[in-house]
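First chain A sits with chain B, and in the next complex the same chain sits with chain C.
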Partner chain A sequence: MSAHANTGGAGEPLLRVDDLAVHFETDEGVVKAVDGVSFEVQRGEVLGIVGESGSGKSVANQAIVGLVPRPPGFYPRGRIHFDGQQVLGLSERKLRDIRGNRIAMIFQDPMTSLNPYLKVERQLTELLERHRNLDRRKARTGAIDMLVQVGMPEAERRVDAYPHELSGGMRQRVMIAMALLCEPELLIADEPTTALDVTIQAQVLDLIRDLQARLGTSVILITHDLGVVAGMAHRVAVMYAGRIVEQADTDTLFAAPRHPYTGGLLRSVPRIDSEPGRAIEAIKGLPPNPAALPAGCFFSPRCGRASERCGQVYPDRDGDAGHYVHCHHPLSEGEP
Partner chain B sequence: MTNAPRTERGSSAHTAPEVADALLSVRDLRVHFPVRGRLGGPREFVRAVDGVDLDVPRGRTLGLVGESGCGKTTAGRAALQLLRPTTGSVTFDGRELTGLWRRRFGSDRWGPELRELRQRMQMIFQDPYASLNPRMTVEGLIGEPLVTFRRAQGRALRARVQALMERVGMDPRYVRRYPHEFSGGQRQRIGIARALALEPDLIVCDEPISALDVSIQAQILNLLGKLQADLGLSYLFIAHDLAAVQHLSDRIAVMYLGRVVEEGQARMICHKPQHPYTRALISAVPIPDPAVERTRRRLPLVGDVPSPIRPPPGCTFHTRCPDAQERCRTEAPALRARADGRRIACHLVE
Partner chain C sequence: MTRFIVGRVLGLIPTLLVIVTLSFFVIRLAPGSPFTTERGVPKEVVEELQAHYGFDRPFQEQLFNYLANLASGNLGLSTKYPQRTVNEIIAAGFPPTLLIGSFALLWALLFGVSAGIIGAMRQNTVFDYGAMSLAMVGISLPTFVLGPLLALVFGLTLYVLPPAGWGAARHVVLPAVTLGTVYAAYVARLTRGGMLEVVRADFVRTARAKGLSEQLIIWRHMLRGGLLPVVTFLGPAIANILVGSVVVEKIFAVPGIGPYFVDAAFNRDYFLVMGIVVVYSAFLLVMNLIVDVLYGFLDPRVRYT
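Then we have the complex of A and B:
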């Protein structure tokens, strides 16, 4: 994969998230959806964020673009620097110049981004007119060009279609075209292929990989699918119950995971290239209720390595920026 | 569905030989749904299932895979007689099911013998929340089939329900709780316990893990495997997640546009696919191993799946097949047995 060679160089990261916390007021009390998350995205880098539902992976990224509904959401602490500028809690007006222009998002369900009343053309030209000051005719040409780039069959005809007239894969392409239209510096892809069939998923991932390599876009790929991150990401952060529990470059994370949760996930997924009947090992129990997190390490009630200390003290960070883990009893290399 | 098109039906030449130890056998199954055509135009049909053969071996698992709209769910439902097949044969434990329907009060219903047989054939659904009545307790949900078919009541019913809960790994003390009090994985266990209540021989699992979190999927897969080993169940396992299907299946059938294009041992299908569609499908499945992912070559598919209302002539895959030749555009390939025990519908594979 050529994308692997394209990791951003040293210097100031494009995005720096420091100690971000996103909490929600609910009837059950304060839900700490994200609680002390820090990560960086270099220019030209693909960061994978892996986690299950409720891990906070989507909410953390919604905070970057100001999409957390406030109230009930609030930010008790944290900073997000995008290209040196603090963006957390920025006014909606200021955010609008960044969102869709310098930072774009794609979602699992394309209909969350597409306006069902507008033709494909208008969805795309509106962005170009707003952020790039193009006139209507130039914008139409630009829209068709982008549709061709994202592999839309019969782009010249489809530009006049309404979203409901397109298949799921084609809608996904329109959404990606919208996201890439203004050549954003950062693309946040939140489960971009989860609703798609595998052959369409492969097309969409190829598309993101190509454009990323060609334009040097930074990508945050949020997914529950370990197979998808394995093929796409340079670096992976694993989230559990609102926190990052492990982060490493992709090869290291898959070959030598240190957090028992990461190791457990890897052992629990069936692989198409394995022998049939190969045992998969499930992680016991359930992810915790975010309104009632357990004491100590949040994973400890499900962890086979947990000691008394794990149920009392949340583990500090162990390791350097290249590979770190929050665990009192991390796996050592070669351990299952 | 009695007024379905009468074209190319019941051709006995197509019919595959009976598989010796199949619990469920499906032959040349067709399910066509009428759709509103153009005004004044001819009546049209969605050929959701268009000539499918399947065999579920006793005590084993047949995986049925394919992408959305390929007809796998409809085929599973028609096999269970949850909808009436347009044509074709479905035999369960040697008995033909399709002739056991009765027409009453203007609609198709199960006859008494089908009602009897159907107790031995159950289904597990994708979304346990949608398939469980939210106003019923776990006891009501799991016990309902036992009450309906008068298998148990009173204290015996409670004991039976609690035994089923233990069997699927649930705490029997939660017998009075409601579905919303459980997580998705626990709800799926309720659905499985309900399916087990009448001690079936066959369970059709329709996407049983795709709505669940990754760490829970393995729990349910392992539970299904254990139940099969303990109870001798036969599964028709319908899913789009090929890795999960391979994990649980002895054989796999791959569907495209209402037909089976390749069928064989799970390992052969996943490791050495032969049909051009199966090859593209398998190559698109991501593998959670960056070293492997870097060296893999995808076989991209161009275009979209054609409409099942007017499927292309000849091989229905020819519009997207990288190797299609003239013959593929005109002549539909039959699903033919190969020396290695698999069956493939392709002119180009020898």
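Then we have the complex of A and C:
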């Protein structure tokens, strides 16, 4: 399964993020892109992180592998334990040994995330050269094998192609091959299907699900699309304005959301069984400016259930690790 | 690719033909003649000279003869230096010019690309501002100021390099630096701009996510895209650098082709002017072709049709 030793004890999660904060120094002041986020990923688990653009979901995950540019970014507090080792604040050299090797990432747009000046082969082999000390010939064989595994047609030939010679779906397959080449323990997939055609989206999701099950890789699936999460994630964390507002296992979250924001997100997903002509419900307003967050609950200005208290005090965590929410007036079961 | 190159090389011939014909007209339209001097030369002598060089023939015939000679590689006779052919003058003057030019180019690329990379990777730091201020000085300083300044400092004060002259390797340094500095400055600014275009590109983030070292990321993932603007600039610039500068050659007493070109124009030394124009144009065209090919080599998305 995995080439790496498991140094953590039984029950110890592969990844534990504790009270992580990632802030950015900007001309308009400090932007709290991520402010007090905690979550865990167990071995073999798929965690979905859902949120609108700017909710901090990508930044939080880039922090795990130290990809947040510093400056302007900085970490005022937080701990990130990967396989029992604190990785936040680890030297760049040690982080480089983890990146691409034990934690791999898939990015949103395979059009721009692959280097247009290099052949597919080079972009794959350099990983095996770096982390497995393979020579170029062996690395090429490994690259072709991986392309076959991700279902690249004519992998032998395509390995010598440049990215612009491949279709969008094939490019994302290359990205996935790249991510899984070193058999990472954790795969962070940041909006892996957003830039793809709808027909290709399903293929790519199937592929990730299939490989995840086969290799036992833990996955963090970052998306704004609840539909993507529904079929794949074991658990879902909903982020809003740099914080997790609700976390639950996937079935519970879909069946009985407690945060009004989660409820709003679920209602804004177009449904095949809804009456034709009925408008899709949208959440009113816009996400807050991260440089000027509202007082109290960040969602309160957009929330239909908000009371005076919501505009004053940020709600404490309510519920257990299995299903918790930050809300003064959570939805009860069966409420829309 | 091969077809593209062959096609472009064949395309050079008509371009060169147009340049030669136009220059031929222009230089002949200029008032005066090679034999106009303050000393009165007897009419018969002038006529004899005209006949010797073929200037008494109809204009079309002269052009045709010139082109025919050119096709066989014969650039004609100099009127100013009757004992030497244009081929000989160019063969003697071009090597020093090319040598200075090559080292100027090397200096421009070494300094320019390094400074540009440092500027981009350390954007808005002391290093960036330092490198770019230096580049600004390089662009603003004319060679007729920089040249004597360098000669004064390194030649006449520190005594580390000869202030002028020709014949040894160390004679190359000051003229090459003088000639190359302005190009180094442009290359630095273009490299910085090009690198800044890619420094935040998604594929560079991908490269970081792979755990590659910073040097490898710069070298393999950024430099190709980052250097594209430099390559575009280098086409005309290389030709300019390699054929040198009259000013630099005068300042450092380099026996290059530059001063001949100016003198030839003043003396209406028709064939010498034409010869230098032909060689210079051919050079420029070939350099542009090389840059186009190089561009496709750097960026695989460029199609050759």
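Here is the rule we go by: the second predicted complex is superposed on the first by the 319 of 336 C-alpha atoms of A that agree within 3 Å, B and C clash if a C-alpha of one lies under 4 Å from a C-alpha of the other, contacts with A are read in each partner's own complex, and residues count from 1 in each chain.
Keep in mind that, in the parts below, a residue touches a chain if its C-beta (ideal position, glycine included) is under 8 Å from a C-beta of that chain, and two chains touch if they have at least 3 such contacts.
What you see is a predicted model; the values in this text were computed from it and never measured.
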item: Combined model on chain A: chain C and chain B, fit or clash; value: fit
item: Partner chain in contact with A:A321 - chain B first, chain C second, else both or neither; value: neither
item: Chain B versus chain C as contact partner of A:D206, first or second or both or neither; value: first
item: Which of chain B and chain C A:R96 touches, first, second, both or neither; value: second
item: Touching partner for A:F254 - first (chain B), second (chain C), both, neither; value: first
item: Touching partner for A:M178 - first (chain B), second (chain C), both, neither; value: second
item: Which of chain B and chain C A:R271 touches, first, second, both or neither; value: first
item: Partner chain(s) touched by A:A230 [first = chain B, second = chain C, both, neither]; value: first
item: Touching partner for A:E281 - first (chain B), second (chain C), both, neither; value: first
item: Chain A residues touched by each partner, larger count belonging to chain B or chain C; value: B
item: Contacts of A:T112 with chain B and chain C, given as first, second, both or neither; value: second
item: Closest approach of chain C to chain B (Cα atoms, Å); value: 7
item: Touching residues on chain A, where the partner in the complex is chain B; value: 1, 4, 52-53, 153, 167-170, 197-203, 206, 224-231, 250-251, 254-255, 264-266, 268-278, 280-284, 286-287
item: Residue ranges of chain A touching chain C (in the complex, touch as defined); value: 65, 67, 95-101, 104-105, 107, 109, 112-118, 122, 126-127, 130-131, 162, 164, 175, 178
item: For the chain B and chain A complex, residues of the former touching the latter; value: 67-68, 183, 185-186, 213-219, 221-222, 240, 242-244, 246-247, 249-250, 266-267, 270-271, 280-294, 298, 300-301, 303-304
item: In the complex, chain C residues that touch chain A; value: 201-203, 205-213, 216, 220-221, 224-225, 298-301
